Amino acid sequence: MSTTTASRVHTDPSRWRDLVDSDERAEFAASVRAHLGARFGPDAARACFDAAQPAEAWREIAAADYPVIGLPEAMGGAGSIVDAVAMVEAAGPALVPLPLVSTVTAWQTVAHAGRPSEGRAYEVSSERRAALAVVDGTDELVVLDGALADEVVLVDVRGAAVRVSVADVSDAVTAVHRHVDPGRPTAVLDRTRLSETVLADGRTDVDAVLAPARTVLAADLTGVGATALDRAVRHALEREQFGKRIGAFQGIKHRLADVYVAVERARSLTRAAAVALASDGTSDLSAAELALLAKAAATDAAVDSTRAYVQVLGAMGMTFEADAHLYFRRAQQTAPFLGSAADCYRAAALVRREDHR
Amino acid sequence: MSDVLAAYDRFLGEALPEDYAARVDHYRHDDHLRTEFQVASFEAGWLVPDWEPGLGGQGLSSGDALAVRVEGARRRVPKIHNVQGVGVVAPGLRRFGTPAQQDRLLRPVLRGDEWWALGMSEPGSGSDLASLRTQARREGDVFVVNGSKIWTTQARESRWATLYVRTDPDAARPHAGISCLILDLRSPGVDVRPIPRAAQSVDAFCEVFLDDVRIPADNLLGPLNGGWRVASESLEHERDMIWVNNWVEIAQAVEPALRRPDLGDDALTELGRILADAEAVRFTGLRTVFGRLSGRDPDEFFILKLLGSEAAQRATRFAMESTGVDGLLDAQLMEDRVESLGATIYGGTSEVQRNIIGERVLGLPRDR
Amino acid sequence: MSDVLAAYDRFLGEALPEDYAARVDHYRHDDHLRTEFQVASFEAGWLVPDWEPGLGGQGLSSGDALAVRVEGARRRVPKIHNVQGVGVVAPGLRRFGTPAQQDRLLRPVLRGDEWWALGMSEPGSGSDLASLRTQARREGDVFVVNGSKIWTTQARESRWATLYVRTDPDAARPHAGISCLILDLRSPGVDVRPIPRAAQSVDAFCEVFLDDVRIPADNLLGPLNGGWRVASESLEHERDMIWVNNWVEIAQAVEPALRRPDLGDDALTELGRILADAEAVRFTGLRTVFGRLSGRDPDEFFILKLLGSEAAQRATRFAMESTGVDGLLDAQLMEDRVESLGATIYGGTSEVQRNIIGERVLGLPRDR
Amino acid sequence: MSTTTASRVHTDPSRWRDLVDSDERAEFAASVRAHLGARFGPDAARACFDAAQPAEAWREIAAADYPVIGLPEAMGGAGSIVDAVAMVEAAGPALVPLPLVSTVTAWQTVAHAGRPSEGRAYEVSSERRAALAVVDGTDELVVLDGALADEVVLVDVRGAAVRVSVADVSDAVTAVHRHVDPGRPTAVLDRTRLSETVLADGRTDVDAVLAPARTVLAADLTGVGATALDRAVRHALEREQFGKRIGAFQGIKHRLADVYVAVERARSLTRAAAVALASDGTSDLSAAELALLAKAAATDAAVDSTRAYVQVLGAMGMTFEADAHLYFRRAQQTAPFLGSAADCYRAAALVRREDHR
């Protein structure tokens, strides 16, 4: 809220026009939703409890070029991170059991990490699957969705400067934990087995380096939260108790209204973070702060919405065949990465305090 | 900087004291400055920038007008005294008023020369017009009105009121038999009684009793029995003002905390949560604006009141509690805190907002 | 130390392995140990200490029996496998059973030799017995039963079930026409199908289909059409067990956090909030016990389920979230987390609990 | 949850029997409620906005000997702190506009502070009004309800040892802030003008020294919260909207049910803290921890209950004539003393962690 001319100019609302999808982007998101929803969805996620992830289906994701959407042309992509965020959010209902989101977080991190320190351009292809690892004190790297990754992007925050590098995963995976969400398992990588190529090491602001990845995770969590809400509403419209549809009871109605607020709050902040990233530092709030707020809000929304989905279903929600636990698992699996909700809120307050000085 | 904002910046430089930004808390409630600033804004076309010259505007696009409004809120320009006059009554007059009504009334309300009250709520009925009981019966050239209104802000200081009355008790739907009359509050039979408030900061409400009050038929605003439309379309104009102000209020309530280096981790977490609320209000507000510009009527509009008012209450609580016992030594903190309790009540309680979201947005069944 | 607790301490020393306290997480789910411990508790009179010798007790006062229960929960003695057998069925048999029924059934259920299921909920009806549709019609010496039950815990492993059926479809009040039958789950016409669950830790539910099942009339438990009383008085016996276990569960979920020196301020605040919940469950539970001892029926009893289950859910969330990404590497944390989602559903959802408090305790009007 | 024999024995529930009032204590509480309710109440609290506190009415409070209830006989009292807590809670509805609660906090602190370091017994009388000040880094002491106090008890926590002393207030008051709750104003005292007599300085555990005062404040806040709930319920039973009594709507009903849970949670913890203090260290939880939990829970309950009371009343709740703001003000005025809810929860977790080792 400082009143210097420099910050004042950027409140101009027209800079935020991309908060709302153009017709073209809305159509694209609808096509992603239709495609992935038909190809995957809850049944595919449930199948992962008994069998491996359907690795072969990556071909279809690669063919649609989803992994490179929103990357700069120099990296082989097109569009901006706003498109990537729209795509990831639209993928939410499908519970894609493949490392799509992790690949997008990894490559968006590279794309925004600044000029390569060694002058090498980095090219990616939709065939390769990637994941993101944050290094902060141990060589045992806990990596979201990393079980099928071909390469891993590392953000090393231990020194004064933040270093971004990339490595082939090959045989560095020491464990895969599938118990939370077998469609998006946690991999543990042994960093000492990785051979890294440095891509950037001139940055000092870790929250700025992680902003693209946080924004992408926020989009994923928003998509999961929105889907859970949608399905909870549908159930509340069908199920009757005490002679009326349960959605008529304010106990249910008001809870779902609060979830709607949480989801839209997350969506607004996530879109704003993407727009700020895409507009390259010309907004009145830093992308670093917005991405932290978005990740925090989306984590809250996803956990609360999926929990409400289980609750609205009642005992049915605790069964394997009901889809509620699948969305809850997806939210719970993604929630802790790049900072819990509390961590991110706190960090955002610190960024704001710094900017405020 | 866009040309429009540069011009607005120049205007503010001329219209406000040099040390305004530094002493904003002092100046903001300076009644004399508030009056002068409203007149200056009206004359220079910054009061309602998207209206035509002569009516406080300069014909800006709605996007540019919003930019001006956001900027003004952020720089905390002096508050308009009779805010419902500019925000609700003026748009209603411009949309529904006869040429004679506009000629007589528009300029004074926009300049702040004549204040207006909104005569909507009644004792025993909520903010829902459908249940109002104040009656107007036509006698020749006048309506004779009997009944009472409550929660009428600034009725004592106002010259006029938009008075919603039942003109057709037999209408098929309760909404259909309501009209809007322009009431001169000096008329015989009008009795205005202030309601003592729980704190200085709380809106100054009145009860207004109407005993055989005679209102000229020429003072009908909009169509006979068309009051419901007059009310809803007049209120619509305020909608962006509300979230813009909310955004700024929430952010400002926690601003002192940003200056304190000693906040503990859990206070910082709560502070971050409130910053998220504030920015979510702004960006959701902007989504609704851009959505309307592309011809849609965005559902997310309906979260703004609930999110904004609950967040405002949370922010004043944080402001007070994060300062510990020292918070008890600063009277403004408690004023803000009590005032924020009204945020989740006035203009539709949070419970009503949750019903609206549940029913209109999510499509859940009504139950009343 | 009271004499009773000293004696119980000696019993536990003999009945449990020496390293039980140190390896409690390992032993607690050891099926063999669980079976042995239940038998030993039964024989030594510690299973239901306030009952008479021969029925798993030793005639302790209810205060001493509670002390034993609290102490057992706190030391995390092996869980009873078929908990509703000891907690619900046995009290029902003891209160309502004929001498022949008690003779045949009480000892096996208390020793854990024969397991029992509770046949209450039905598809499409909540946990409210009033709407149950399973029919029993009398044919000479038997009841012929048709219908189905759902959410029947451990039906597959059980030999018997208390089956609630409608015996008088024309009863004036829906509660009045219900009876409780003792169903041999091996009877022809009984089909038990397990319902796959969302996680290992979630209760193993079944559906039970009943197709012309013939149950001897001697298997009527309690009076004909008196099933509602049988149900409510049987369940009453469990009430202290529930909050005692809840208290211990909540405290145990956050125990690992107490061992971590690196918790940030906001995690500590949340931890303190959960400790308050846990102790509030205990002390409110004790208030209800002492209240009953002095002949009152304390209102605060009704908060125990809501507070306890919401706190349990909050505690497992805290346990998982406060460990960050490392929390994803420990399968038990997620099992506990998913299991806790059921706490606010089974045995009356939180929404139902809030209705109960609002209506029965606060006296607010019903609205259904 | 340690399993040593020493801690195990104390789970014996019979030690907590005093959680429930004996008939005698229940009768006493009812008489306090009737007496103070008739003598003071909302109108007396409202009168303080225009006039001074009714100092002369202290005579009646002194005549009833409320200030010394629960003090040891050596100090001129009778009964235990459990009686004092019952009395303070019962005084809640009356919004007593006199320093009754502050006097009880001060003298209970003295009573539990341990043997006087100078061997002097300390006697109190019901005629004298007292207040409590915590000294932690400045000579400007912010004192709850201290405007009419004759003496002030100081708990100095700045050194390694906690020191408890007492001083005549005489002319040490530099400011009185009446804007939050004029019936219980905040006084600012200049410590340099006080002449202190040390009563105890052997203690090192500040939370143990403050436990009696926290428990008394918790009782006050519980009483205020319970009263606000009671009145909100009454309103919800009378007021109709959309053709039914508003208490029938789950939006209202469930909120009030949650407030009831909060109030009973606070009451249970407050009583437990008092019982632990009265039983002198033989309980399985320290009185220090329980008092922290009680103060935290009661602060939450009072603020939330009074806020709900305003909300249930709607626009009426924002008027001067409605009583809701009076209870809200009382809760808000008392809440920050001896630690906010968050402070107390956090401190309790630290105590538990320490005990756990």
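Letters are used for the chains, namely A, B, C and D, taken in the order the chains are written, and counting of residues starts over at 1 for each.
The rule we apply is simple: a contact is a pair of C-beta atoms (placed from the backbone, for glycine too) under 8 Å apart; a residue touches a chain by one contact, two chains touch by 3 or more.
Model, not experiment: these values are computed from the prediction.
Annotation: A-B is the more contact-rich of the chain pairs A-C and A-B, by number of C-beta pairs in contact.
Subunit C and subunit D have CA centres that are 38 Å apart. Per-chain CA centroids place subunit B at a distance of 55 Å from subunit C. Residue positions of subunit C touching 2 or more other chains: 265-266, 268-269, 351, 354-355. In subunit A, the residues touching two or more other chains are 244, 249-252, 254, 342, 346.
If touching chains are joined by edges, the resulting network of the protein chains shown connects every chain directly with every other. Across the complex, subunit D is touched by residues 121, 126, 150-151, 195-199, 202-203, 205, 266-267, 317, 320-321, 324-329, 331, 334-335, 337-338, 341-342, 344-346, 349-351, 354-355, 368 of subunit B. On subunit B, the positions that touch subunit A within their shared complex are 1-2, 5, 9, 21, 63, 66-67, 70-71, 74-75, 251-252, 255, 258-259, 263, 265, 268-273, 275-277, 279-280, 283-284, 286-287, 289-291, 294, 300, 303, 306-307, 351, 353-355, 357-359, 361-367.
Partner subunit C is touched in their complex by these residues of subunit D: 1, 3, 5, 8-9, 11-14, 16-17, 19-20, 233, 236-237, 244-245, 247-250, 252-254, 256-258, 260-261, 264-265, 267-269, 271-272, 285, 289-290, 292-293, 296-297, 342, 344-350, 352-353, 356. The touching residues of subunit D, counted against subunit B in their complex, run 142, 144, 175, 177, 179-180, 186, 188, 241-244, 249, 251-252, 303, 307, 310-311, 314-315, 317-322, 324-325, 328-329, 332-333, 335-337, 340, 342, 346. If you check the complex, the residues on subunit C that touch subunit B are 264-266, 268-269.
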